[in-house]
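In the two assemblies presented below, subunit A is common to both, partnered first by subunit B and then by subunit C.
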Partner chain A sequence: MKAIKQVLGDDLGKYTMVLALVALMVIFNIISGGRMMTPSNFQNLLSGNAYVLVLALGMLMVIVIGQIDLSVGSVAGFCGMVMAIAARDYNLPWFVAVLVALGIGLLVGAWNGFFLAKLGIPGFITTLGSMMAFRGAVIWVSQSISVPAPEELRFFGAGYLPEWGPNTGLNNSTLLLGIIGIAAYAYFQIKKYMHSGDITGTKDPVWIYAVRIAIVTAVIGYFTYLFGSGREGTSFPVPGLILLILVIVYYIITERTTFGRHVYAVGGNKNAAALSGVNVSRTYFLTMMNMSMLAAIASILFVGRATAAGPADGTSWEMDAIASVFIGGAAVSGGVGTVLATMVGGMVMAVLNNGLMLMGVGADKTQVIKGLVLLLAVTFDVYNKSAGRPSIIGRLFGSKEEAKGKESK
Partner chain B sequence: MEKSPYILEMRGITKEFPGVKALDNVTLKVEKDSIHSICGENGAGKSTLMKVLSGVYPFGTYEGQIFFNGEEMKFHGIKESEKAGIVIIHQELTMIPELSITENIFMGNEITVNGLIDWATQRQRTSEILEKVGLHINPDTLIKNLGVGQQQLVEIAKALSKNVKLLILDEPTSALNEDDSANLLEIMRWLKERGITCIMISHKLNEVREISDAVTVIRDGQSIDSYEVVAGEVDEDKIIRSMVGRSLDNRYPEHESHPGDVIFEVENWCVEDPSVEGRMLCKNSTFHVRAGEIVGFAGLMGAGRTELMRSLFGKNFGIYKSGTIKIKGKEVRINSVEDAIANGIAYVPEDRKSLGLNLLDTIRKTIVAADLKKILTGGLLNSDKELAAAEEYHQALSIKCSSVDVGVNTLSGGNQQKVVLAKWMFTEPDVLILDEPTRGIDVGAKYEIYKLIHELAAQGKAVIMVSSELPELLGVVDRIYTIFEGEITGELAASEADQESLMKRMTITSAA
Partner chain C sequence: MKRRLLSMLLAAALTATVFAGCGREGTTDSSSAGSSTDTAAEADSDSGSDDSSAAADAGSGEGFEEGATIGISLPWLGTQNWKEAETMFTEELTAAGYTPLVQAADNKVPQQQQQIESMIQNGAKVIVVGPIDGTQLGAVLEEAKDAGVYVIGYDRLIENTEAVDGVVQFGSVRTGELQGQALLDGLKANKGDGPYNIELFGGGPADPNAPNFFTGAMSVLQPEIDAGNLVVVSGQTDFTQCATEDWDNKKAQSRMDSLLAGNYSDKEIDGVLSPNDGIARAIITSCEDAGQPIPVVTGLDAENESVSWVWEGKQYCTVAKPTQDLVAKTIEIINSLQAGNGMPTTDVTADNGKKEVNIYELDPVVVTKDNAKEVFADDEERMALLQ
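Up next is the complex of A and B:
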């Protein structure tokens, strides 16, 4: 137990959902007779869900500041539709159309942010208004008809990385990506090890870092193989890569920037944040603006994959994004939640969707199951936190030091 | 049974909270048809005593006996004490702003016919009662549309609707202006004539003097003095002596001050109450602090100390009206907390949990929170620098914790306060404002905080310390300003001041 803690950190509770995710993948893989963990299924799963995960990134920050954004689905639908119409009716090149979509996203975000930050209207109300208004606007501008999107966007929505170089049996782009991932992780762990004794004077044991690197190498290696060994011409999907880049960017924003700290500070205690020199209203504004910009990116991925913008695009996307954030352990009252946990939460939803589909469960029943899973996950989380009980992992491996660790005087 | 002259007798009341004896063998006797004042410092136990009386702390959680109209009472809740005719009006008014006067008055005691509220009767009775307290307004008016003074009257009307025999008013005039206060006192006299006994808790000795028939002074949870007086001829000095009369022992570290130049000057600072138009929270406050000097602000709760400090700290509270701040002789414009921090001002708030800390954060993140720029490397937060800073203060302030990565919510009050202090020391301020820095902290930790304050002054910082505890101020600071109703009423060197001279300036307007 102590060894596990040394490798994973003191707070094992945050791995509960990772465990659940792994369990889901294994179980669905067995039930579906091995059809879950195949290259084509995972490529589809990722490119088909990337847009929801992109939304979840922004939603995480909105929820951490203690607000909610209901308008993201409608805003995404609107951005995608305007992009498609701009490209079709005004013959704009695809990249200009993309910029138009991003610009609209920023404008809408500024609109939401203005009502929340400057006028003090709660985010729930502000974005409920935007949700209705932009849903109507999508139908209005499209006249309820789907609009074909520029061909080039398909690369972003469902494209694959190119093949090049010698025949390694895997897609070389994917292989390269995997190697970069492993190398980067190893680099940061080694650097961390080098600095581990700087303050306390005693270096952590080497094996902790070796075990971490080994685990991550195995995981990344497996997924590199899974994504790279598909049929000719396929690889780690482009929307997956875009998502990956965004995850890294937002991980850095939330963990390593002043703005990220302010987001958590405002969500944790608005008054204390204000008395520490945080500009609360600016934090609100930027967070809302960021959310709508990500909604625009999500719409580009989705429209690219669907090859057309439809009048119903974006319907109830906000709910999937919100569910991902809460399954990832964020608190409704704000101040709590991380990018990585949110991604795990989003993947739980995606795997659940995919696995149930593979089993031939209808959309109706899938919806019921997803709803119950959300409720179960959050209930479990709240129950665990409120009672100060050991996490599920703590219970599995049984140990008393868990309880002691909580009290420190 | 012999008819007792007392409507209320509380005998030997002792109430303990975990670790603290809030009330120790307190006795209170209130004569029928009188106005009885209770005086004491903040935290002396006045409110606790009233909560025992009104059943907020039910029978069995305290020791001692309560006799009301000659019968022993065992209240288990407010409902029971109200039924007996004891009604308490709290300092913070407890009415619902979005409901009408009628609805508020009959809240919980609705008059019903067949399970439905009988509005006609309620409204009519409300009108009658409002008439009695001298309010001539429509009973359908919403509470939020009333002034604070009128709301106070509605509270009294509500008490009257419950057939009150003993009315307790906790600091009834603390939020009122002078006219409303005078009106309220008039109504209390009127109530007395109509056979309603009043107990008034008040810091305002001029009011106590004006209307009391008897005074009881509580100090450190004990009833110190109780005597009858003739209204209008109360000896205020005698009350003050009873309120503060405790000895100073060496609970304060030795310290020698070396004040330098004046580095913080405030002139004619005026702030208006954001919720009551025209009421000034600070009136022409003018003061200065030298480098290396510790300056105390003495004032009772609600005197405007916190409001003044928060207003100085980037206009964080109230509506700024006028006034200037000079730092090191140069006038500065400070319009936000960010400006204040940039100009080298730090403010440790009075309420640690709701204003000082994000309880979800770890010690490490809290310590650097007010000056993130210092741990940036190439635009990104550097966790090594963060850890180094956190460890530095962890050692320097001897914060007791298993590691700086634990949540601040796991710490004791004293250690939490050290973390807050560390957070502000990290910003390397020139002027440090400490608002009740030792509130809710045990004696040992207080001593450490005092030492820390002395060290900060020794480093040449200007330290302002606001405190309700006079012995603490006398023991720690160099110079003291007294503040009363938003006005600075005096300035004394700590060596020349004593509790009585301070208390006099903190309470009295009539004699001054």
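Up next is the complex of A and C:
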């Protein structure tokens, strides 16, 4: 037990959902007779859910500042529709249309941010208004008729990375991506090891870092194989790559920048943050603006994959994004939640959806199951966090002393 | 210790919910599909996929093995015709020796995209798609094509992609013509001499059939409007003005409410063109609430409730598009594909924006009180309504 803690860190609680995710994948794979863990299914899983996960990235930050954004679905629908119309009726090249969509996203975000940050209207109300207004606007500008999108957008929504170089049996772009991932992780772990003794004077045992690197190498290696070994012409999907880049960017923003720390500070205690010199209204404004810009990116991915923008696009997407964030362990009261956990939360929903479909379960029952999972996951989390109780994992494995140690923290 | 037990229970409950869902599936599905062979079918599908690889190895060339998985992706089960299609496909494909995989997508496009992908994963040889939005399935259907799957559109045109082999549907312009003609006939029979005051309703704009219904109906009504025999009091005669978002009955009802309040305070309404039964009932309810005499209202789909209303004389007519005919035609095509004969030939094609798609067109039937008993002679469930 001690060894496990040394490798994974003290807080094992954050691995609950990772464990649930792995369990879901394994069990569905067995039930479906091996159809879950196949290259094409995983490619579908990523391209089909990238838009929700992109929304969840922004939604995480909105929820951390203690607000909620109900308008993301409508805003995404609107951005996608305007993009498609701009390209079709005004003959704009596709990349200009994409910029138009992003610009609208930023403007809408500024609008939401203005009401929340400058006028102090609660985010729930502000975005409820935007949700209705932009749903109407989508129907208005499209006259409720779907608009085909430029062909080039297919690449962003359903495309694959190119194949090049020698025949390795895997898609080389995917392989390269995997190698970069492993190398980057190893680099940061080694750097961490080098600095581990800076304060205490004694370095951590080398084996801890070796085990971490080995585990991550195995995981990335497996997925590289999975994504790279699909039918010819397929690879790690482009929407997955876009998502990956965004995850890295937002991981850095939330964990390593002043703005990120302000987001958590404002969410944790607005007044304390303000007294410590954090510009609360600026933090609110930028977070809302960022959310709507991500909604625009999500719409580009979705429209690219659907090959057309439809008047009903975006309906209830906000709910999927919000569910991902809470399953990822964010607190309803704000201040708590991480980018990586949110991605795990989103993947739990995605894998659940995918697995149930592979088994031929209808949308109605899938919805029931997803609802119950959300409720149980959050109950679970709230129960475990109340009164500083140790996490579920800690309790299953831990001794009484460890539990006490945690409670006193 | 107690706490540890409790959290173990919670953890167990979490997993149990997920898999209880899976377990439940076998039983619920078989009861709704009316076949007890669901689990057997699932087992078959496993062995079926093994067979398929064996068959491919044997180099059987065209066609595919008996017992192959056939994917059926329906938009939702919220109206009677889709629920009927679900049941009929499950029963009749099973009876024909296939392994049906019938799913409905709750009217959400991403859900339908993912369902189609999971059907490809499940080794379906043919995927029949009743699209939510006919333009938004391009990328996934091309995936199906790449995997060598036949794609057949069901009831609605699949647009904006080359990856479709044919579409089975009732002639939608023809349906509209029948509705328009029925409205004229009904007005002459029930409302004395003209000119008649009428209003027009269209279906959901995202459904490519809806504008066609409207065009068909207007091809009959427009000459009469121009001749002054029909008066659209509100002046709303464009499809975009008359369309009903998502075929949503309550949206139609509130549009009718405001039309009546705004234009009919000193007039009586004689007739309303309605694109389907749900909207027809919403219109009739609205007229009753406004204290208007019930106008002549058309319909579509022969939903049970509207069949009774036609029989009682509240709704003038409905147009039956027997789901059975559509399903039978679709299965006929699947049989032809299975035998290696490819898609049957047809004279009718439609431009879907990317290519000319083969259309297998069926003729709908107008149902009024006079001919209801003949039309539904073989339909026990609806005959029971005509008492």
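The definition used in the following text is that the second predicted complex is superposed on the first by the 398 of 409 C-alpha atoms of A that agree within 3 Å, B and C clash if a C-alpha of one lies under 4 Å from a C-alpha of the other, contacts with A are read in each partner's own complex, and residues count from 1 in each chain.
Going forward, contacts are C-beta pairs under 8 Å (C-beta built on N, C-alpha and C of every residue); 3 or more make two chains touch, one makes a residue touch a chain.
Bear in mind the structure is a predicted one, so any value in this text is a computation, not a measurement.
Superimposing the complexes on subunit A yields a three-chain arrangement in which subunit B and subunit C fit side by side. Of the two partner chains placed around the shared chain by superposition, subunit C is the only one that A:23 touches, whereas subunit B remains out of contact. Once the two complexes are laid over each other on the shared chain, residue contacts for A:139 go to subunit C alone; subunit B is not touched. Applying the stated contact rule after C-alpha superposition, one finds that A:272 touches subunit B and leaves subunit C untouched.
Of the two partner chains, neither subunit B nor subunit C is touched by A:194. When both complexes are overlaid on chain A, the residue A:264 reaches subunit B alone and has no touch with subunit C. Using the contact criterion defined above for the overlaid structures, shared-chain residue A:245 touches neither subunit B nor subunit C, since it reaches no partner. By the touch criterion defined above, A:332 lies against neither subunit B nor subunit C after alignment on the C-alpha atoms of chain A.
Look at A:3: by the touch rule set out above, it reaches neither subunit B nor subunit C.
Touch counts on subunit A: comparing subunit C and subunit B, the chain ahead is C. Once the two complexes are laid on top of each other via chain A, the angle at subunit A between subunit B and subunit C, using C-alpha centres, comes to 120°, given in steps of 10.
Superposed on chain A, the gap between subunit B and subunit C at their nearest CA atoms measures out to 21 angstrom in whole units.
Looking at subunit A, you'll find no residue that touches subunit B in one structure and subunit C in the other.
Of all residues in subunit A, those touching subunit C in their complex are 20, 23-24, 27, 31, 33, 35, 38, 40-41, 44, 48, 51, 139, 143-146, 148, 154, 157-158, 231, 302, 304-308, 310-313, 315-316, 352-354, 356-369, 372-373, 376-377, 379-380, 383-384, 389, 392, 395-396. Listing the residues of subunit A that touch subunit B in their complex gives 10, 195, 198-199, 252, 255-258, 260-261, 264-265, 268-269, 271-279, 335-336, 405-409.
Contacts from subunit B toward subunit A in the complex involve residues 313-314, 316, 336-338, 340-341, 347, 349, 354-361, 365, 369-370, 372-373, 376, 379-381, 383-384, 387-388, 391, 400-403, 405-406, 410-412, 423.
Considering their complex, residues 3-4, 7-8, 10-11, 13-15, 17-19, 21-22, 24-25, 28-29, 42, 46, 49, 76-77, 101-111, 113-115, 117-118, 120-122, 132-140, 143, 146, 159-161, 204-206, 240, 243, 245-246, 353 of subunit C touch subunit A.
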